[in-house]
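By written order: A, B, C and D. Residues from 1 in each chain.
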Amino acid sequence: MSQSQPGGTERGTERIEAFSDGVFAIAITLLILDIKLPHLKNSDLLSSLLQLWPAYFAYVLSFVMIGIYWANHHYIFKLFQKTNHALNLLNLLFLLFIAFLPLPTEVLGEYLLDKANQTTAATVYALGLLLPAASWLLMWLYASRGQRLIDRRLEAGYVRRLTLQYLGSVVLYSGAVIISLIDFRWGLGICVGLTLLYLLPPKSPVFSREER
Amino acid sequence: MSQSQPGGTERGTERIEAFSDGVFAIAITLLILDIKLPHLKNSDLLSSLLQLWPAYFAYVLSFVMIGIYWANHHYIFKLFQKTNHALNLLNLLFLLFIAFLPLPTEVLGEYLLDKANQTTAATVYALGLLLPAASWLLMWLYASRGQRLIDRRLEAGYVRRLTLQYLGSVVLYSGAVIISLIDFRWGLGICVGLTLLYLLPPKSPVFSREER
Amino acid sequence: MSQSQPGGTERGTERIEAFSDGVFAIAITLLILDIKLPHLKNSDLLSSLLQLWPAYFAYVLSFVMIGIYWANHHYIFKLFQKTNHALNLLNLLFLLFIAFLPLPTEVLGEYLLDKANQTTAATVYALGLLLPAASWLLMWLYASRGQRLIDRRLEAGYVRRLTLQYLGSVVLYSGAVIISLIDFRWGLGICVGLTLLYLLPPKSPVFSREER
Amino acid sequence: MSQSQPGGTERGTERIEAFSDGVFAIAITLLILDIKLPHLKNSDLLSSLLQLWPAYFAYVLSFVMIGIYWANHHYIFKLFQKTNHALNLLNLLFLLFIAFLPLPTEVLGEYLLDKANQTTAATVYALGLLLPAASWLLMWLYASRGQRLIDRRLEAGYVRRLTLQYLGSVVLYSGAVIISLIDFRWGLGICVGLTLLYLLPPKSPVFSREER
C-alpha cells in the first residue's frame, strides 16, 4: 500500500488483490454452511448423510471453481500494471457474483434429486457459474483493450489468446444454461467438464520485449 | 506494523486498515446468508426463486454499499498521517454499523413485498445506512478538525469539500428515513440514488504544497 | 514472515498476529448472526424488531469487547520479542474462547427478558467473558515471568502494573459470575462497567533503558 | 507477492500461504455455528446448555485440530522453496477437507449421545480427520519426492522422519475409522490421543549443509 501515490487516480493493485483474496477465502469457506444436516434424532444418521451426496457434489464443484478463480485472479492481476476506478467497480461486480455462489450451490445440492425441480436447479447452477465468468470477461476486456491497464510488454498474440479463452468460457457456460433446460445432466456435465479443464496448468505469459 | 513505535500513543494506520479490511470482506460475504432458500421439497423451485427478488435487490444494494465504504475507507485513511485511541474507537463504532448491515438487509429482503410491513422495512434499511454514514462523519470531523490527524499539506478547500460531502450524506440518509415513513418507495429511491452517486469516481486529493 | 529463521524454535510474532487478527475480524463480524429475525409474515415487524433489544445490547457489548481484545492483543504482542510453542498454544486457547463468544452473546440476547432463565443467561455471559480474560492472564504470566519472551528493556514496575491489571480483570469477571447468580442486573452491570473501563486509552510502555 | 516472477510457472509460496491462512482462520471461527442453541422459551436454559456438552467437546477438538494444521502448514511451507501448479491443487484439496470439518464436527456434537447413531457419528468424525491427514501426506510426498520443491539443504534423514510421521497419522486415523465401527469410544479416543500428541512441540528442521 505504501507505494500508491495519494495524488493519483490510478494505483497499484495490492489493495484490491488483498480485499479480493479475503472475499475468495470467506466465500469458499462459507460453502460448508450449504450442507444442512437433518436434525432428526433417532433417525438413521448414516442414510441421511449418504442422501446428502448432491450437497457434497455441489460443495466440491463450487469449492474448486472458487479456488480456480482465486488462482486466476492473481494470475491476471499480475498482468495488470495499475488499477483505476472502473476496474475497481468491475472487480466488485465480479466479487458480487463470487460471493453469490453459495446460493446456487445450495439450490443444486438440495434439489438435484427432486424430479420436479432438478432442471431448474441445474439451470440456476449453470447461471451461477455464467455470471462470474461474464463479469470476468468484462474486466479483462476493459483492462486489455488498447493496453489500457495491462503490462505493455505482453505479446499481442498472448493477450488475444486470453481474450478468446475467457470469451470461450462465457459461450460454454451460456450453452450449459440453455442445455440444462433441455437435459439437466448434459448441462451439469458441461459445468463439470469446464471445471476439470480449468484445473490444467495456465500458460506462462509471453512478453514481446525483455524485462530490463 | 514494524514502523509503529511502541513508545508512542499515536501510530501508523496499517494495523487498523488491515483489521477494517477483514471486517469489510467478511460482512460483504456474509450478506449471501440473508437470502434464505425456502426448504419445500416438491414445490415449484423456480417461482420460489423468482419471489426472492427483493432479497437479491437488497443483497446487491448492500454489497455495493459495503464495497464503496471499503474503497472510501482506504481513501480517507490515506489522508490520515497517524491514528490515536479516539480514532480507533470511532472506527470501531463505524465497523460495528458495517457489521450490522446484514440485519437491515435481511429485513428489507424479507418484508419489502409484505404490505403490512414494507414501510417499516424500508425505514429500517434507510436507518441501517444512516448509522455508518453518521459514524463516518464523526470519524472525519474528529480527524480533520484543526488538522488533528490528517496530512497537513492537504488544501483547506479540499478538506472542507469532503466535510460537506460527508455531512450531505448524513442529511440525505436522514431524509430517506423520514420520507420512508411517508412513502417507502421514495425513501428507498433516495438510498438507491445515493449508492449510484457514490459509484462516481472520487476526486483526487489536492495538496497545497508539493511533496518533498 | 521472511525474518523468521527456519532453524530456530522461537520466532517472530508476525504469523501468529496475522492469524489472530483473522479470528478477531471473523468472530466480531459473525456476532450479527446471533440476532435472529423472527420469520413471521404479516406480523408487526416493528414491534418484533423492538423486542429484539436485548440482542442488540448483547451485540454491541460483545462487539466492543472483541474490538478491545484485538487492540490489546496488538499492544502486548508488541511487547513480546519472540514467540515459542507454549505461547502459540496459550494464544490458541485464548482464540478458542474469543471464537466461542458468539454463543454466550446469543444466550444473553435471547434469554435476558425470559424471567425463568435470565439469571442463567447473565451468568453464562459473565462466564463467557471470564474465559478469555483468564487465558489472557495465563498468556501474559507465561511470557513475562522471568522476562521469558517480553522486551527485556521494559521497566519492571510497568510489567508488574500490567500483571496486576490483567489479574484484576479475572478477579472482577469471577465476581461478575458469582454476583450474577444472586442478582443478574448487578452481574451484567459489572460486565458493562469493565467494558467501559477498557475503553480508556492504554498507558504507553515504560522502558528502563533507551532504544539504541 | 512482489518477488514472484510473472514469467515463471514455479513461484514463491507467500500467496498460497496467505490464502490458506484465510481459510484456516475462517473455518476455525465458523465452528461455533455448529453449536445450536435450542430456541425454547420458558424451558430450563441451564440444563439445555449442559446437555450440549458433546457439542462443546467437538468444538474444542476441531478447533485444536485446525489450529495445529495451521501451525504445521506454516512449518512445512517454510521447508518448500517454491510452489507449482500441482502443489497448488493438492493444497486446494487439503483446504477443501479443512473447510469441510465443521460438518463432521456438527455430526459428532449432535449425535454422540444418540444411542442409535453414536457409532456412525464417531466414524464420520474420524473420517473427517482422516481426509485432511491423507491429502496432507499427498502434498508432502509430492513436494519432497526427489527434493522436487523442498529446500535441498534439508537432511535426508529429517525428510524421511517427516514422511514417516505423516504416514503414521494416516495409518492411525484409518485405524480410528475402523475401530469406531466396533467401539465408538475407542475410535474417538484415538482421535483425542493424536490431537494431544500433535500438541507436542515440532522438531526443528535439520540441514545437512550450512546456510550461507
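Here are some notes:
Criterion: a residue touches a chain if its C-beta (ideal position, glycine included) is under 8 Å from a C-beta of that chain, and two chains touch if they have at least 3 such contacts.
Because the structure is predicted, anything quoted here is derived from the model rather than measured.
Chains touching both chain A and chain B: none. Path length between chain A and chain C in the chain contact graph, taken as the least number of steps between touching chains: 2. Comparing the contact residues of chain B and chain C by number shows a mostly separate set, under half of all numbers used being common to the two copies.
Our note on geometry: chain B versus chain D, Cα centroid distance of 37 Å, whole angstroms.
Note on chain placement: the centre of chain C and the centre of chain D lie 26 Å apart, centres being C-alpha means.
Under the contact definition stated at the top, the residues of chain B that touch 2 or more other chains are 22, 26, 30, 33.
Contact topology of the protein chains: cyclic, one closed ring where each chain has exactly two touching partners.
Every pair of chains meeting the contact definition is listed here: A-B, A-D, B-C, C-D.
The touching residues of chain D, when paired with chain C in their complex, are 14, 17, 21-22, 24-26, 28-33, 35, 37, 39, 41-46, 49, 59-60, 63-64, 67, 70-71, 74, 78-79, 151, 199, 201-202, 204-205, 207, 211.
Those residues of chain A that touch chain B in the complex are listed here as 1, 4, 6-9, 15, 18-19, 22-23, 26-27, 30, 33, 36, 85-86, 88-89, 92, 95-96, 99-100, 102-103, 106-107, 110-111, 114, 116-117, 120-121, 124.
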